[in-house]
Amino acid sequence: MEKILRVMKAEIIKQQQYDYHSYFVWCSLLIWPVLGFLEVYYTYKPFAFTGYLGIHDSGDLLAFLGTGYMAYTCFWSMVQNAWSMSLQEREDGTLEITFLTPASRMAMNYGKALGALIQEVWMFGCFCLFVLFYTHTLTLENLWALPLFLCLLLFSSMIWGGMLNAIFLYSRDASMIMDVFDAPMILFAGTRIPVQCFPVWAKVISLLFPLTYCLNIIRFILGIQGGGAEIMPDLAGLVICLGVMAGVTAWLIRRVEKHNRETGELQFY
Amino acid sequence: MNLIWSTYRRIRTGILRAVPWSFMVSRITTGVIQIIIPYFIYVFFMERNVTDTFYAYAGGADYMTYVVLGSALNVLAVSTLMNIGRALITELREGTLEMLLLSPSPRGPYFAGCLLEQTTRALLEFAAVLVVGACCGAKLGRIFTVSALFAIALAVFGFFCMGLLLSGVMLYTRDTYITQNTLFVSMSLVCGIAFPIQYLPQWVQNVAQIFPLTPAVTLFRNVVTGGQGLLENGQLILQVLLLSAVYLSAGFLWNRKLERSLLESMFG
Amino acid sequence: MIQAEHLSKTYVLKEKSHLFGKRKVRQISAVRDISLEIPKGKITGVLGINGAGKTTTIRMLASLITPTSGSLTMDGVDAVKNHLWVKERINMISGGERNLYWRLTAQENLRYFGSLYGIGKKELEERIGELLKTVGLEEAKDIPVERYSKGMKQRLQIARGLINEPEYLFLDEPTLGLDILIAKEIRELIHSLAKERGKGILLTTHYISEAEELCDYIYVLDQGQIIARGTKEELKEIFKVKPRMVVQEMSLEEVLMKIIKRSRGEGDGKDSACHEGGDHQTAAV
C-alpha cells in the first residue's frame, strides 16, 4: 500500500513539474470552456422560463450550468490529458521506461489522472465556484458541502481518467473514439439540460454515463434544481459505474501489457 | 487551370489514402450536437416556450429552422477554414513545403485547388447536418432556390478568403490546434449560430461583424426562411465581399512575406 | 546469472491496404534460437550490424517483450512469468536522448523513477546524491534536462539505470553519437560497475573497439542468429589470427585526444593513448 501511494504521489508531482503544454492547457481548459459556457447560457435566451424542474430564472440556470460545466470539464480534461500524455510519453520513450519498472500499473494510471486534474482544472473550477457563489447557490450556510462536492468530483473523474489512460495505452489512434463518445456525454449526462425532462429512451442512455450520477449527486448536495429528487438511486448508480470502470481499467491494463510485451509497441510513436 | 487540377488530384489521392475521417466525423458530430442540444431544450425542457423577442430578432423564423440553418453554415465555415488554413502547414509538417515554395507556380491556383478539393467534402458535411436538422423539424424547402445557392457559394468564398489569412497565422505560429479551436469557439459564440446576436452586448455584436460568417448566416436565413431575394440583401452581400477582399489581400501579402522568410530560413 | 535458452521472437505485422481492405498478415522473425548467459560481475557483449537483432534480444532479456519460444531464467526463476520480480532487479539504458522527461531536472527525473521502484524518501535522496556524484552531474542537478548536452543526458540515463541498484544492467548502444572523451568516460564507468560493484552487464554495440575494450565474452549476431561466440581471444582464434608486429601511424583519434588533453593541461595523455590504442597494435586482418 505504501508503495502504491508512493507511485501515485510521484506521478502527481511529475505531472506538476512537467506542466504539459501550458498554453494548450490555458486555452483548452479555461478559455474554451468559458466561451462554451457562455454560448450555452445564451442558447437559453430565446426561451421564457416556466419554472419547470425548478428553474425559474437565469440565476437558477447559471447554477445548473455552472455545476454541469465544471463536472464536464473535469471529465473532459481526463480525455484530453490521456490523449496528449500518451502521445508525448511515447515520443519521449518514457512510457516504455515506466513499464520497465515493477511499479503498480494501476497506481501509475490513477496517479497520472489525479495529477492532471489537480494541475489543469483548478482555473475553470474557480470560474465555476465564482458562478455558484454569485448565484447564491453556495453560501456560508452550505459551505460544508463544498469539500464533499469537490472530493466526489475528483474521485469520480480520477476513476474515469484512469480508464481513459488505459484505453490510450492500448491504441495511439483512440482520438476518434473519444470524439464520438464525447458528444453523447455532453448531451445525455445532464451537463446542459436536466435529464429529468428527457423522454424515456434518452433517460436510459443517460444511465450509461457515470457523469450523470455524479452530477445528480452534486446538484442534490448543493440544493440545485433540475437534479434528482432522491439521492440513493444515483449513489448506487455511481458506485456501480465506478466499480465497472475500475474493473475495466484493471482488465485493460493487464491486456495492454500482455499485448505490448508480445508486440513491443510501447516504443513506437 | 492545370495547377488547380493537379493540386486537386494530389490532395484527393492523399486523402483517399489517409482518410481524415476523424476530422469529418468530429465536424459532423459538432454540427449535429449544435442542433440537438437546442432541440432538446426547445422540445423537452422549455416546451416550445419561445419569447416574442426571439421572433422579432429572427424575423419571424421558427426556432428549429433558425438553429439548423445557423449550425449548417457554421459547419461549412469550420470545414473550409480548417482545410484551407491547414494546407500550407501540413505541407510544412510533411516536409513538402520546400518543394512547393521552390516551384515557380503561383500560390493562387494552389489554394483554388485546395478549395475545389475541400468544398466537395465540406458540402457533404453541410448536407449531413441539414438532413439531421430536417428530421428535427426545420423547414428547409427553399434551400434549393438560386438565391440560397448563391448565398452558400458567397459564404464559401468568404470563408476561403479568411482561410488564407488563417493559413498565414498557422504558418507563423506553427500551431493548428489552439488557433483553429479558439477561432471556432469564438465564432460559434458571437456569429449568431444558435441564438440571435442581439442578445449579446453591443460591443460583442460589433466585433462579430469582422467574421464573414455573421453577415453570411443572416443572408442565408433571410433567403431561406424569409423568402427574400438577393437584391433586398445587397448590404449583407456587400459586407461579405468587402470582408473577403480585406482577408484575401491581407492573406496574400502575409503569405508572400512568410514564404520569403521561410525560404531564407530553409536555405539561408 | 541470467540464462537464455533457444530464444526466438517473431513479430506479426498486420497490414491494411485501405479502410475496408482485407488485413494482410506478415510474420517477421527478428531473432532465432539464441542461447546466452549473463553472469554477475562480467560484461557480456552482443555485437552485430544494424538490423542484426541486437535490440530485440536486449529487450527480450530485459523482459520488456516476451519471447515467442525458448526459456529465460534469472537466478533460476522463470523471468517470462515473473517479469515484475525481474524488473525490480534489472534496469536498461539505451543510447540516444530519449527516455527522460526533458522538462524535469536531473534530480526530479531520478526522484520520479526512484519512486516507481517504491524506494523510501530518505534512502532515495541519499541514493540520488551518490548517483549524481558518480555520473558527475552534481552541479547540473537543478537544470532542466532539455538544456543538457548529449553527453550529460546520457550520463543522467546511466544514473536513472542505477537508481534501483540493479543486479543486472542492459546497455543498448550506450555511447551512440557521443564524442570520444565522453564515450571514454562512460566506458570507464561501465567497466567499474561490473568489476567493482559486481553487476552483470549486457552490452550491445556496433563499435568494435568498445566491445574489445570492455567485454569479457562476446556473442556475434547476424540476421537474428548467433553466428559466433567466445572471449575476444577465442574469436580471434577462429581465423587463427596471429599477433603481428605492425608499424602503425598514430590514429587521428589518438592525436585528437592528445590535443584536447594538452590544451586542458591534463598531461600529454600518453597512458590513455596506449590503452586506447591497444587494438590498433594487434589489428587483425
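A, B and C label the chains in the order they appear, each numbered from 1.
Quick note on the criterion: contacts are C-beta pairs under 8 Å (C-beta built on N, C-alpha and C of every residue); 3 or more make two chains touch, one makes a residue touch a chain.
Heads up on the chains, UniProt names are A = ABC transporter permease; B = Transport permease protein; C = ABC transporter ATP-binding protein.
On a predicted model such as this, the values are computed, not experimentally measured, just so you know.
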Centroid comparison with subunit C (C-alpha atoms), farthest chain: B
Closest chain to global C-alpha mean, per-chain Cα centroids: A
Geometric centre distance via CA averages, subunit B-subunit A, whole Å: 31
Approximate Å spacing (C-alpha centroids) for the pair subunit B, subunit C: 54
Interchain centroid distance [CA atoms averaged], subunit A/subunit C, Å: 42
Residue numbers of subunit A (touch at least two other chains): none
Multi-partner residues of subunit B (each touching 2 or more other chains): 21
Interface residues, subunit B side, partner subunit A - complex: 21-22, 25-26, 29-30, 32-33, 36-38, 40-42, 44-47, 49-51, 53-54, 63, 177-178, 181-182, 185-186, 188-189, 194-196, 199-200
In the complex, subunit A residues that touch subunit C: 2-3, 6-7, 9-10, 13-14, 17-19, 92-94, 96-103, 108, 260-264, 266
Subunit B-facing residues of subunit A, complex: 23-24, 27-28, 31-32, 35-36, 38-40, 42-50, 52-53, 175-176, 179-180, 183, 186-187, 192-194, 197-199, 202
Complex contact set, residues of subunit C against subunit A: 11-12, 56, 59, 62-66, 83-85, 87-88, 91-92, 94, 98-104, 108, 111-113, 115-118, 120, 160, 164
